[in-house]
Every structure is written in structure tokens, then in C-alpha cells.
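Labels for the chains are A, B, C, D, E and F, by order of writing; each one numbers its residues from 1.
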Amino acid sequence: MKLIIAYVKPFKLEDVKLALRGLGVSGMSVGEIRGFGRQSGQTEVYRGAEYQVEFVPKSRLEVVVDDDLAEPAVEAIQGAARTGEIGDGKVIVVTVDDVLRIRTGERGGDAL
Amino acid sequence: MSAGDVAWVLTASALVLFMTPGLALFYGGMVRSKNVLNMLMKNFFTISIVTVVWVLFGYTLAFGTDAAGVVGGLDHLGLRDVEGEALLFMVFQMMFAIITPALISGAVAERMRFGAWVLFTTLWAALVYPLVAHWGFHPEGFLFAWGVRDFAGGLVVHINAGVAALAVVFVLGPRRGFGREAIRPHSLPLTLLGTGILWLGWFGFNAGSALAADGVAVNAFVTTQIGASLAALGWVTAEWRRTGKPTTLGAASGAVAGLVAITPGAGFVTPLAAMVIGLAAGVLCFWAVSLKFRLGYDDSLDVVGVHLVGGVVGSVLLGVLASSEVNAGVTDGLLFGGSAFFLKQVVAVVVVMAFSFVASYLLARVVEATIGLRASEREEIEGLDITLHEERAYVVGE
Amino acid sequence: MSAGDVAWVLTASALVLFMTPGLALFYGGMVRSKNVLNMLMKNFFTISIVTVVWVLFGYTLAFGTDAAGVVGGLDHLGLRDVEGEALLFMVFQMMFAIITPALISGAVAERMRFGAWVLFTTLWAALVYPLVAHWGFHPEGFLFAWGVRDFAGGLVVHINAGVAALAVVFVLGPRRGFGREAIRPHSLPLTLLGTGILWLGWFGFNAGSALAADGVAVNAFVTTQIGASLAALGWVTAEWRRTGKPTTLGAASGAVAGLVAITPGAGFVTPLAAMVIGLAAGVLCFWAVSLKFRLGYDDSLDVVGVHLVGGVVGSVLLGVLASSEVNAGVTDGLLFGGSAFFLKQVVAVVVVMAFSFVASYLLARVVEATIGLRASEREEIEGLDITLHEERAYVVGE
Amino acid sequence: MSAGDVAWVLTASALVLFMTPGLALFYGGMVRSKNVLNMLMKNFFTISIVTVVWVLFGYTLAFGTDAAGVVGGLDHLGLRDVEGEALLFMVFQMMFAIITPALISGAVAERMRFGAWVLFTTLWAALVYPLVAHWGFHPEGFLFAWGVRDFAGGLVVHINAGVAALAVVFVLGPRRGFGREAIRPHSLPLTLLGTGILWLGWFGFNAGSALAADGVAVNAFVTTQIGASLAALGWVTAEWRRTGKPTTLGAASGAVAGLVAITPGAGFVTPLAAMVIGLAAGVLCFWAVSLKFRLGYDDSLDVVGVHLVGGVVGSVLLGVLASSEVNAGVTDGLLFGGSAFFLKQVVAVVVVMAFSFVASYLLARVVEATIGLRASEREEIEGLDITLHEERAYVVGE
Amino acid sequence: MKLIIAYVKPFKLEDVKLALRGLGVSGMSVGEIRGFGRQSGQTEVYRGAEYQVEFVPKSRLEVVVDDDLAEPAVEAIQGAARTGEIGDGKVIVVTVDDVLRIRTGERGGDAL
Amino acid sequence: MKLIIAYVKPFKLEDVKLALRGLGVSGMSVGEIRGFGRQSGQTEVYRGAEYQVEFVPKSRLEVVVDDDLAEPAVEAIQGAARTGEIGDGKVIVVTVDDVLRIRTGERGGDAL
């Protein structure tokens, strides 16, 4: 199994979720992070002076999928999160040793 | 005083007391979340400190029988023989004595220790404020007697506090990162709420200073509303032109700048003159708050840019626009041929600035030399709330 | 006017001014966190705009010497000859002129540009409000002269603003996602705070409209308290029965609906009649706020459901419950045989709705055609605070 | 009453009404974020409930023609024959009847169901408050007639509510985790804001109780300011010495404790005596709030520690410091040789405590037996906001 | 070494912590996430209309343990976080190449 | 490629960022967590009673780097985040199967 971590533009999260659902992905976990990268942060004004916020708010989603679903999921995420502008984000794939569903104790694929 | 006058001054006193919590929120919203409680605490505790000082001897030093035009005598020590109308006047004036040092807290935000604040405020409320109040408000105070006029505290409150703020900042030094990184307000809604409360309270501040529910009070009420509105308009327009963005902090700061500037003349100028004063204050104070970055002093929440500059603008323009038609208690300003009065206003500004700066500077040095003024680097980094008060302003998700 | 009357109207004026910051918080809490500053700013800046308009010519258009019952003359341009009691009346009425357009800001929340708001408000405050105020408040305004009564602004303020809100929303269109996703309030505590401030200020609004500290003021004060309380009770009970849950937003909205509904009759009906008006307003407005979902217009913060509907309920029920015993200034309502008065009230409601809707619709179109009304899709998605004001409401962890 | 007196009592009534939203925020900031809306709602809804009860029969039970010194007759049922000055007095007293049960909500925070609160408050406002109000405020109430004095509600409001809070807590039991984990305030800025509003409103509460804009009102105003300030000073100093840290919650709680303690004597003692009362209240209440941990009852937001203890301190010290020179309406206290008056005050405290405790305990049992008092474990864990009101206080990032 | 990631019901966090302590696990890191899955979110009311929040707030904990402690830790988490209802959450195990304690520069097991 | 996860004292984040930039690391993602470990939390006062908050707020940063940059990055983080006091935090290294840049679809090293 694979753990897919993706940083996406917050307003794209909705689309990404739908795309993953489309693949039959049952669930996911989402947090907020401050992203640093090529995309420059928002300009803000304070006391008549403009300055740039260093980071960009991004949504960070984690989804565990079976190996065969990994590639389709990555592509689904890209398709849904893409705007073509700098700052669209990254998708990271990591191998998972094991997954367990707390409620039932099921392991591996059954836990998803 | 008729019951109607008493009713109005009681109301006004309550509104002016409410300004200090309002100021606490106005300032509290502008600091980082790790320092908001310290900011609130400094303001609330100032109410307690000054109330005690004022009752025991502050009032009599300001309004006791005059001695050489410089200070009041000790005849009202501990409020002796202060009853009825005098008692009402005492408490109305107490509210002014409270908010004046509270204003200073904005300049020293995020780095001055709480203990140091307590000591400084006590000394300042005891030694600086009563004198300036005597000069400007007491019939025999040398400025008032000379013909200078300060309707509700442009000199006594705002210039006095603004210049004191500057003096303390010189002793205290800037916050870590000042000038390098942008130190942003943590909650502008809190600041806007504070602005609303200040605006409300200011009607008591200015219209209450008529000490009666009469035509002068009405005029002061109207000019207050106009001054605040025009200054917000001026400030926002100026920044809109410069940065292309109108900001809520600009609107809030502009309104306060206008309230400050109209304070000395509220009962002495016409509504149309108030438009001029407000507009001038909005534009000039917007320009003034950028000075600190260029000159490099960390007047954190712009007490100098708003209260000192706004107070000077208002006091000087009063010298220009004062109208004896509006209020027989004032002589005509420059515009109506009263050049003498204009000069007196300018001199008064200089005198108060000089005295308050020196006195405040010395008091700050005394506190620094005795118990120390400034929080440690660690306290400043981790925040004054958790290190000095062991409290956290916001605890979510519990 | 005695000093007591002046004291009360000064106090009332201050309280009514305070309502606009209160409204800003009431609305600000209901929008998403990315738009709260824009919401606050629209309200605060409206104070500045309307103050200028009112001083220069708004007041004279509303309260200058009557011309054909339709509009006031220009005799008080720039407050010429407005002194003493007239000046007090001017500033009390100014506060009404301020909050009326401010009410509209709730309907256009989260998508109307700030610049567009400034232009629209300026035009509306100059061309729409003064006329309706003249008709309903000026002794020779055609509605008032005809016998229509509006104690503190059911017609002039709430119906006027409520129907204008509807008109602008038609031009502006709904927010992205309206109807599909639930757009939730970002801070109900802020909204409840705003409710408390509005409730406080409304005592000035209604009891102050007696323009004296007399029995009529007392009656208006009591009916205001009762109207607000009963409407909150009615709204919460209604929603409790429908959804099984009593909500704080329901309690807050209900209280405001009751305050709106009692406004036209506060000084004209008995306390028990106020219970009826309040209860009716609470239940009917609760039902009305669900209309927008069914009819599909995005009156974002329910200005129509609360102010228009509440204003109509109150103005019409005044036609039923008005009692000349309570106040000799009104003729008896339907309940006491005054069918004529009842009809006049209904006609007045229709007239004001028709005029204000058309005028507001045209003004909105003008603004749209000139500088544009609506924020871009990107601005709406990222939020108006950061895109239009380049500010962030809350910055935590710094 | 002159127009001036009416103006002041109208203003005072508005300020006292404003105290309940203030209290809601004061309490709301102290609970966890998952329960803040429930806290606000309990307070706001209490306004609606008590307004209805008071209008229908509460007022007449308290202030109707006396029956045996115990209760008022039904002559003013539904406000029959309550007009003019009586109507003004009715609404001023209504605000007291509202905030008294609201105070109790702090003790039962975070676990009492909303429905149970509604029922309990209705019963309590109908059966308990009017009786105690009659005894302490009505000229022929047995305590008043006997010579006991309670200027603005030390007995009637604070001791009454404080002891009721204790009784209900006994029936309700502690929150999950009470004593084990620290249950922290979720937003101290909200609490400080509430404190500011309470302080403002208290001027109406105490100085308004003079029912005139006269010297007694002025004296009450001044002692109120002093009492609050000294108590905040005392509380913060005491905790500073014990824990080494001055806290904002301490300053806020201290101020409220002082306002409570000065309430019974505000119009009866000198400003210097107010310093004594304030200081004593600050220190004693600081000590009292720690009792709940040692004795193990969960008076969640310290209604007992602040209102009961503060009320007792103030009522008893009034027995010591009352001065017939300040107000001819009171007999001298112990200090001036009035041992009889002192004893009466002590007896009155015991009587009110005994009655209110028993009555409140029984009412709580009745509610428990009928609809149940307490939220389920799941509701308490997930929070009352989402489970009982299906609302969330703060929604960020949308 | 293994990195264990678990999504649990927030009010179960306390128990999970105690269970891990019981195993001698010295520390952990906890964040908040929005969980999407089978469990349906809370119902909320707005303007008299009820609707369901799409996500469920969950606590996300990360704990690094030696290989031999991994299985016991997973079981401890399950035991402590289980309520038997839908939404109890998942436990994910990922292999860690290396760990370092910043203060001392210790590596591997010593870093924990 | 490697995914480096580090828990550091929030006020050290700035230095860590600069250190990583120095290595030519183009971006990173930062979140806030509650840390449990040896370092004891802040003391707080409530109603005159002092008690200790159980956790310590920490910044959690994630950075993906090419294999050869992993070790230097780990050392850079340590160097910048170290104060020598308990609670300086940990650095965790995990192997990444693949990375994708959403905007361009680039994979692996090019995606960074």
C-alpha cells in the first residue's frame, strides 16, 4: 500500500476530493500547512507600507491506497488540483508497511 | 447644575470610563496573539492605579486651590470637602486621568514588563498628569489664565500622552525584529470593536466637557462626530492613493486621529471648521505614522503618530478656527483676526511637549534604574502573556 | 427643551451612533473569516460617508422647509442656521441616516466591491434616504401630513433599507456556491456581541425619538425591551419546533427582528400590544429568512427577511394597535375602530417599498455600469479582505 | 421626577440591560470553545424569559401592594395601572430581575441542558426573585421595613444569585474532569471585554438606583468606581504574592468582585469607605474562589466565590460603614455606633441565604425530576454547542 | 525504526497517550485534521435548515518507535482508541530510514 | 528521494528555513503540532493555582530532497534548530517512492 501526501491550493480541495471519490477512494485526511516555494505569498499592507507574506496557505491531504490505485490516484489529484499557475503543489508517494482499521482490527487493504 | 446637567455628566463619566477598556481592545487587536493579554492587563490595571492616585492626591494637585499657577494645593487631599457637584467633577476628571497614561501603553507594547508599567504609571499619574491638567484646565493654571484653551484635553491628554510615549520609547528601545519583519495585528476585528467603543466614549469625553447639557455640549457632540468621520475619510483616501488599498486599520486609526484632533476645539469651533480639522488630522497622521520606520523609533501602536500629531494639529488649528461666536469662553482664532490667541496655542503646545517629554524621560530612566523596564529576550520571543502572566489568550479545540 | 431633554437626546444620539459598529460586528460574525474585514469596513466607512453627505445637504433635503410634501428645501445647506436644539435634532437624525444604508451591507456581503459600496452608499444617502425621511418624519412630508405615523423609522429606516437590499441583490447576483454549500458564520460570538450593542443602541433609537425625557420616551423604552424579548422567544420557539434545536443565531436574529418591528410603534402602542408585535415579528421573520433559499435570491445576511419583513409587520400592526391614549400624536388603530389609519399605514408601506425599490435598483445599475459592482471570481474565492484590503482579520501563532 | 431624573434613569436602565450581554461575554470567554454558544445563549435567552415573567406578574409580586411584608399583591398584574414614573421604575427593576438569574448560569456552565435552564430560570424568576426583591426593596418588605438596607442589590441580586448557584451545583454535580484536569478559559479577551461592559453597566446599576440625578447618584457613581478599582488591585496583589504572577482573569474577577461588594452600600458610604470595601472584597474573593477545589463543588465560573462572597462582604461591611451623613435614608453603621443596624444586616444576609438556598435547591430538584438537568456524557464531551444547538462558535479557513 | 501515524477521535487521544506511555514510548507529536470517510459529519443548523458537515475532526498522531515496539504500539493504539463505532480511525505504519535528536545529534534508537 | 520530517521549536523555524535555502532547497511545508516528550510544557496559572500544560507547541516541517541532499539537509536542520536545551526536537527521514509537481506533471527530482 501507498501513502499519498499532496499539497494543493485550498480552493482546489473540493475538486480533488471528488476526483478521488471517483476512483472509489473511501476516505482521506486533510490538514492546513504554510507552504514555502516558488510561489510568492500574498501582499499585505500595514501602515501604508506593502510587504509580502513569506508563505502560502495550502491544504495538505493524506490518502492511503492499494498499490494498484496509487498511480491513478496521483493522476486524479494532479488533474483536479492543476491550475497551471506556480504554486499548484506537489504529490508525494511513500510506501506503507501496514494499515489497521481501529474499529475492526482489519489490516491491509481491508482496513481502507 | 440642574438634574439634567447632572444626568448628562454622569452619563459622560460612564462613557469616558468605558473608553479605557475600549482602548485596551483597540490596542489588544494590534499586537501579536502572544502579547494581547499583557496589553489588555496594562490598560485595565491602569484604571485601578490611577483611581487610587487620583482619590488620594492627584485630584487636589490638579484642582486644589491654585499655587502660583503651577499646581493645586493639598486642600482636597483624600477628597476632603469634595461633595455634590465637586464630587461629580472629580469623577469626570478622574476618567481623563485614567485614560491618559493608558494611551502610552500602546507605544511600549510587546516588550515593557508589567511591573515596570505599574511603577511608571503610578509615578506618571502622580507627578506629570496633575500638573499639566492644572495648567490647562484649572481657571488659575498658568496656561488657562494666560488665555490658552483646551476644551477637552488636546494638550492635557493627547499631546501629554503622545510625547510621554515618545520619551519612554527612547529609553525602552525597539521590539526584536522591528523594521526587519512586519509585526502584524493579530485581530483587526478586536481593533475595530475598540474603535467603536472609543468613538462612543468620545461623545462623553468632548460633549461632557461642557459640564452641562446645553448648546456647547451639543456643538461639541456634533464637531466630534464630524471630526472623526472626516479624518477616517482623509486617512483612507490618502492610503488608498498611496498603496491602492483602503484598509480597516486605516479607517480605525483615522477615526481616532480625528477624535484626538477635534478634542481641544470641540466646544470652540463650528461644524464646518470641524470638517477642516478632521480632514487635516486624517491626512497628516497617516503621513506621521510612517515616520517611525524612517526615523527608527518603535512607537509600536502609533501613539506618537496619532495622539501627539493629532493633538498638535487640533490645538494649533484651534488657534486658527476658534470662534467666540460658538463659545464666549474662547477668543477668536487667526482666521477671525486673533493672532494673539494663535500664538498662545502654539506656545502652549511647545511648553507641554517640553515638560512632559523631560519628565516622562526621567521617570522612565528611574524605573529602568530601579526595577528595570524591559522584558528579557526569552520573554519577548515566547510572548509576555505566557511568561509574565502565565495565561494564554486563546485556547481552541478543548 | 429642558436640560433633561437635551441630556437624554445627547445620550440617545451617542447610543444610535454606537449601533453602526454594533451592526458591523453583528454582520461581521456572520460572514466567512476571509470577508470579515470588508464587512466591518463597509459599515465603518458608511459613517464617514453619510456624515459628510448629511452635513452638506442631506439634512436640508430631509428637514429643510417643505416643498410640495416631497422634499426639503436648501435653506439648511451646509447646516446654515442650524443651531441649538435644531443642531441636536440634526445630529440625532444623522445617526439614523448613517445606519440605514449600513443595514444594506448585510445583503451584499462577501461579493460587492468596496469601491462600488462607497459610490452606491454616497448616492443612496444623498438621493433616496432624505426623501423617504422627509415623507415620514417631516411634519409636512406627504405621508406624515396625511396621517401616517412612523415613530422611529419602521418605514424610513427598515422597510427602506430592506427593500433597497433586495433591489441591489437582484443586480448583484448570488455568491458562488449559494444554495449548494452552506455558507456558515465564522464567529457567532461576534454576532452575539453585535446583537447586544444593537439592543442597547435601540433604546436610544426608539426612546430617543420622543426627543424628550418624558412619558412617551418611557413607553417607547418599555415597548422596545418587550418587542425584542418576545421576538427572540418567538423565533427560537419556532425553530426549536421545526429543527429540534434552538440556535444562538436564531435568538440574535429574533431579537433584532423584534427591535425592527417595534420601531414604528414604540411610542404609540401599549406594552401588551408590544408583546403581540414582538411575537408576530419573531415567528414571521423566522419563516421569511427561509424564503431566499426557495426563491433563490442571495440576501446573504437576511436584511430582507429581518428588516423588510419586520418593518412591514411592525408598520401594519401599528395600524391595528395604535392607541391615542398612549400618545395623542397618533390616531387609533383598527382594533380601536381606526380603519382609516390602518389603510394609510398599508398604503405608506407600499409607497415606500415601490419608491425605494425602483430608486435603489437604478442606482445599483448606475454603479454597475460605471465602476462595476461585483468582485472578481478570484477575489471572491480568496476573500475580499486580502484581495481588496490586503489585510488579514486573524493572525495567530505570531 | 424632573426630566433630568427621567433622563438618568432611562440611561441607567439601558446600561443595566447591556450588562447581561456583557455577562454573557464575561462567562463565554471563560468556558471551553465547545460550550461558548450555549453560555451566550443561556444569558441572552434569560432576557426574553424574565421580560415576559416580569411584565405578566413578576413586577406585581415584587412591587405590588404589600401583603404581610412578604410579597406584593396582584394589583399590577400584566402591568395594569403601571404608567409614567411607575413604568420607568418597572423597567429599571426589570433589568435587575433579568441579570440576577443570568448570574447563576456561570455556575452551571458546560453541563446543564438548555431546556433545563429555560425551565429553571422561568420558575426562579417567577417564585424566588420577586419575593427577595419585595423584602429588600419594597418600603413595606419585612427586611426593608425592619431597617435593613440594600442600596442596589447586594442581598436581592448577588447573595440571592450566588447562593442559588451553590444550590443548583449541588444537584447538578461537577463537570467531567473537574479537579483532575485544568479547564481553561478559551478566550480571555472576550472575558475582558465582558468585564468592561459590566463595569460600564454597573454605573447604571448603582448610580441609577438613586432613581434621580442627584447627590446620592453621584456618590454611588464614585463609590462604584472606587470599589471596582480597589478590588482589582487587591485581587491581583494577592495572587501576585501567592503565585508570582498577576493575571488578567484575576484583574477581571477582582473588578467584578468589587462591583458586587460596593453594590449594597454604594449610596450609603463615603468614597474612602468604598476603598475599604473594595480592597476587602478583592482579597477575600480571591481566597474564596480557591475553596471550590478544596471543598470539591464545581462552581464553574465562580459565582459563589465572587457574587455570594462579594455580596456578603459588601452587605456586612455596609453594616459597619453606613453613614447617615452620606444618605439620610440609612442609619449609622457599627463604626459610628450603629450596632443595631449592623446586626440587622447580618440577619438579613442569613435570611436571604437560607431562603434562596432552599427554594433554589427545590426548584433544581423539580427540574431534574421532570425534564432532567444535565447533558449526557456524549453531549458534554463533544460540547453543548454542537450537540444542543447544532452550531459551531468559530469556523475558520472558509 | 517505524513511523506510526494514527487518526483517532479527539476525545480518545488522552487514553492513547497513556497506553503508549505504558509501553515506554517517550514522546509523540499530535496535530488536528479534518477526516473524510465512512463516518458522516455533525449535523448543523443554519437559518432553520439542517445540513451535514462533510468532515469529522480527528486527532492525527505521529510516533516513531523501534521496530520491535511497532506492533505493540499499533495494538496499544487500537485498544485505547476503539469505541466500536464507525469513525474510530486508522493506524498507518511506515518505515523510517533514520532519526536524529537535534539537541544531541544522537541517531537511531538513541534519538528517541 | 527522501522526505524529511522535523519537529523544531517555533522560534527556530526562521533559522532552519534559511539554512535549507543555503543548501538550495527550493521549498518546504510547515504545520503546527503539539509535542509530547521530555520537555515539560509551560506553567499556567488559573484561579491562583499553577499547573503545567502537558504539551509543547512545535513546528513540524516537511521537506522532500534528492538522496544526496538528505544528509546535508538533516545536518543543516540540526545546526539551525539546536539550542542545546531539552525539547529541541527530532528529525525523521523516510524514503519517497515518487514526487510529482502538479503544475507540470514533472516527476522525481525535477518536481522539486
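In this section, a residue touches a chain if its C-beta (ideal position, glycine included) is under 8 Å from a C-beta of that chain, and two chains touch if they have at least 3 such contacts.
The model shown is predicted, which means the values in this text are computed figures rather than measured ones.
Undergrad: Same residues or different residues where chain A meets chain E? The copies count as same if more than half of the interface numbers are shared.
TA: Copies use mostly different positions to touch.
Undergrad: If I rank D-F and B-F by number of C-beta contact pairs, which comes first?
TA: If we tally the C-beta pairs in contact for D-F and B-F, the bigger total goes to D-F.
Undergrad: Centre to centre, by mean C-alpha position, how many angstrom separate chain A and chain B?
TA: Distance between chain centres: 51 Å.
Undergrad: Could you tell me the distance, in whole angstrom, between the mean C-alpha positions of chain C and chain D?
TA: One centre to the other, that is 33 Å.
Undergrad: Can you work out the whole-Å distance between the CA centroids of chain A and chain C?
TA: 45
Undergrad: If I count partner chains per residue in chain B, which residues reach a count of at least 2?
TA: Answer for chain B, listing residues that touch two or more other chains: 2-5, 7-8, 11, 15, 184-185, 187, 193, 197, 213, 243, 245, 247, 249, 389-392, 394, 397.
Undergrad: Would you give the residues of chain E that are in contact with at least 2 other chains, written as numbers and ranges?
TA: Residue numbers touching two or more other chains: 31-32, 44-45, 50, 94-95.
Undergrad: Help me check something: in the complex, which residues belonging to chain D touch chain B?
TA: 2-5, 7-8, 11, 15, 32-34, 183-189, 192-193, 195-197, 199-200, 203-204, 207, 212-215, 217-219, 221-222, 225-226, 228-230, 232-233, 236, 243, 245-249, 251-252, 255, 271-272, 275, 394
Undergrad: Using the touch rule from the top, collect the residues of chain F that touch chain E in their complex.
TA: 2, 5-8, 31-38, 55, 58, 60, 74, 77-78, 81-95
Undergrad: Touching residues of chain C toward chain E in the complex: what are they?
TA: So the residues of chain C in touch with chain E come to 182, 184-185, 239, 242-243, 245, 247, 249-250, 286, 289-290, 293, 302.
Undergrad: Provide the residue numbers of chain D that touch chain C in the complex, in ascending order.
TA: Residue list for chain D touching chain C: 2-8, 10-11, 13-15, 17-18, 20-22, 24-25, 28, 36-37, 40-41, 44-45, 47-49, 51-52, 55, 78-79, 83-85, 87-88, 90-91, 94, 114, 187, 190, 193, 197, 213, 388-398.
Undergrad: Quick check: in the complex, which residue numbers of chain E touch chain F?
TA: Residue positions touching the partner: 3, 17, 26-31, 62, 64, 94-103, 105, 111-112.
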